[in-house]
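Heads up, the next two complexes both have subunit A, just with different partners, subunit B and then subunit C.
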Partner chain A sequence: MGDKRKMFIYGGIIGLIGAILLKFGNPGNMGICVACFYRDIAGALGLHRAEIVQYIRPEIIGFIFGAFLISVVKGDFKSRGGSSPLIRFFLGFFLVIGALVFLGCPLRLILRLGNGDLNAITGLLGYLVGIFIGVQFLKKGYTLGRSTDQPKISGYVMPIVAVALLLLLIAKPEFIFFSAEGPGSMRAPILLSLVLGMIVGIVLQKSRICTAGAFRDVILIKDYHFFWGILGILVVNFIANIILNFDAFKLGFEGQPVAHADHLWNIIGMVLTGICSVLLGGCPVRQTILASEGDADAGITVLGITVGAAFAHNFGLASSPKGVTNNGKIAVIIGIIVVLIIAYSVVKEANKARNQKKESVKNA
Partner chain B sequence: MPKTVDARGRSCPEPVIMTKDAIESNPNEPIRVLVDAHVAVENITRFATGKGYKVNVEEKGEEYTLNIRK
Partner chain C sequence: MEDTYCVVTFQVTQHALIFEKAMKNMKYAVKLMPVPRQVSSSCGTAAKIPCEKKKEILNLCEKENLPIEGFYKIDHKKKKSWF
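This part shows the complex of A and B:
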């Protein structure tokens, strides 16, 4: 089977699952949303108290289980880490703030588009601009440094966290918060979410599809390999929505579920998410998969995303269907400045080191 | 001894960029790339074969050596 077709099918499975989860009760155009789901988990754990977005999303647990199991089977599992963890934490932190101003991670962006939400086009425009900016730093030698082998137990942390979350989801002790109304109360059945989440985890681990990597590779090395995966998500999601969710399908900008039509901030929010995704080497869902196969740096990124999501609701940064908040606008601008400073400093230092190496070779 | 690019421990897409830089600076010389993740092997192989190079992969434990030549 051709490479492109394989990627398209892998992506198609994700798009199909997105439509099924929507059909069975997940919030509007939110069959899968990695940023929103970590936000819901942060809320369920009481890290923020926005009552309408609190739930331990079984899909995330499924992503982790699926990616962990397949990576062990395939031999991809490897405990590694130590590549600028604190920088990664804050890149994850700001990534999710941008995403929650837009209202969705890049994967939900594609699913929103697949159900007719045209605000996803402005969001995508911003995401592409962000990726383009990130690529300029990559071309100039941006690197977060090497990771090294870590103690084996480090690699098992994420799967263990997933088990703990699953237990909390099932037992639901009183210190865990589940929304009674709003998006957090809209859920596909637990078992279905868990199993489909696992399939998503397996497919994404095998295919290595990444929404940021797809566009980055097109810009950087003119490689369309992963782009076919993204196309698969979009096309199959669109078709599946027409069949499964015809009543929910609506083409346009206004009145879309869990979305707003503030074009400027949809763009700027996703610019921030795009830059962070490239600087991290992958979008939120890819970070989740990597974290599940033993990558502690991706694990730290996931923690940054979760904490960032909690802050986004504690400080009133996240948008709502009513629109973008002033705090959200300020946070996005601060985020863009911070991540650009990080990227610039890293590039400057990397080039200095490279020039010194050249000098010493010349002098030798 | 071919020029060696050590991309071990580098996160995506750095191994590909390092390979690209090495190929572009000496298009006709063979190069050797060291990586320690299978995803990097896949990405570099796809990139180099796409550019018309031959790639041979040696696996040693958790590390891989890619020999790339015209």
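This part shows the complex of A and C:
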């Protein structure tokens, strides 16, 4: 079977699962949303107190279990890390702020589009602009440095965290918050979410599908390998929604679930998310998968995403169906400036080091 | 896609672009692509090159100080496993 078709099918499985989870109770056009789900988990743990978005999403636990297990079985699991962890933390932090101003990670963006939400098109436009900006830094020599081997236990941290989250989900001690209304109260059954999440984790670990990587490769090296996976998610999700969620399918900009139609800020929010995703080498779902196969740098990124999501609600940065907040607008602008400064500094230093090396070779 | 081909991997994306330019200058057939799944579970950029030019290319990289990470021969088996 050709690689393209294989990637399309892998992507299609993700799109299908997105539609199934929507059918079985997840919030509108949010069969899967990695940014929202970390936000819900942050809320459940009490890191923010936005009462309508608090729940330990079993899908995230499933992603981690699935990717961890398949990576161990297939020999991909390797404990590694040490590549600019603090920078990654803040890139993850700002990535999710951009995503929560738009209201969705890039994966939910595709699923929103697959259920007729045309605001996803403006979001996608912003995401592509962000990726294009990020790619310019890659061309100039941007790198966060090489990761190195870490103690084995480092690689097991994320899977252990996932086990802890699962226990908290099942036991639900009194210090854990679950929404009684709003998106946080809309949930597919735990076991279904967990199992389908595991399948997503396995498929994404095997296929390496990443929304940022796909568009980056199209822009940077004109390669469509991963893009076929993205297309698979969109096409199959669209078809599955027509069959499974026909009542929820609605084409247009206005009145879409957990979305707003502020075009400008949908674009600018996703510009920030796009830049951060390229600078991190992957979108939130990809970071989750990498974190599950022993990559501590991706683990730090996931923590940055979770903390960023908590701040987004504590500081009133996250949008709502009512629209974008002023705080959110300011935060996105600050975010874009901060990540551009980070990228510029890294590139400048990398080129300096390269020129010095060239000089020393010349003089040798 | 052919059954067997070779790829060069890089630590930094920019190195792949520099490498591609150098290969094009030498008129070698080169194509940038995602790192093959067989090599890594990461999703960086690699350069596909003809295996028979391995020696010349590695010599050139050393001479021109082109930073590369690894050189791999990929057996693209016809009967592929999904898992």
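Here is the rule we go by: the second predicted complex is superposed on the first by the 364 of 364 C-alpha atoms of A that agree within 3 Å, B and C clash if a C-alpha of one lies under 4 Å from a C-alpha of the other, contacts with A are read in each partner's own complex, and residues count from 1 in each chain.
We take it that a residue touches a chain if its C-beta (ideal position, glycine included) is under 8 Å from a C-beta of that chain, and two chains touch if they have at least 3 such contacts.
Nothing here was measured: the structure is a model prediction, and the numbers come from that model.
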Based on the superposed arrangement, let me know which partner A:Leu138 touches: subunit B (first), subunit C (second), both, or neither?
both
Pick one for A:Leu220: touches subunit B only (first), subunit C only (second), both, or neither.
both
Quick check on the superposed pair: does A:Gln287 touch subunit B, subunit C, both, or neither? Answer first, second, both or neither.
neither
According to the stated criteria, A:Ser83 is in contact with first (subunit B), second (subunit C), both, or neither; which is it?
first
Once the two complexes are aligned on chain A, which partner has more residues of subunit A within touching range, subunit B or subunit C?
C
Of the partners subunit B and subunit C, which touch A:Asp297 in the superposed model: first, second, both, neither?
first
After lining up the shared chain so the two structures overlap, which partner does A:Ile70 touch, if you call subunit B first and subunit C second: first, second, both or neither?
second
One more residue to check, A:Asn245. First (subunit B), second (subunit C), both or neither?
neither
Considering only touches as defined above, state whether A:Asn266 meets subunit B (first), subunit C (second), both or neither.
neither
Between subunit B and subunit C, whom does A:Arg146 touch in the aligned arrangement: first, second, both, or neither?
both
Check: subunit A residues flagged as touching subunit B and also subunit C 74, 76, 138-139, 143, 146, 208, 210, 213, 217, 220-221, 223, 225, 281-282
For subunit A, which residues are in contact with subunit B within the complex?
74-76, 78, 80, 83, 138-139, 143-148, 208, 210, 213, 216-217, 220-221, 223, 225, 281-282, 297
Which positions of subunit A touch subunit C when the two form their complex?
1-3, 6, 70-71, 74, 76, 138-143, 146, 202, 205-206, 208, 210, 213, 217, 220-221, 223, 225-226, 281-282, 286, 290, 293, 350, 357-358, 361
Footprint of subunit A on subunit B - complex, ascending:
8-14, 16-17, 20, 36-39, 42, 46-47, 50, 62
Can you list the subunit C residues touching subunit A in their complex?
1, 11-14, 16-17, 32-34, 37, 41-45, 65, 80, 82-83
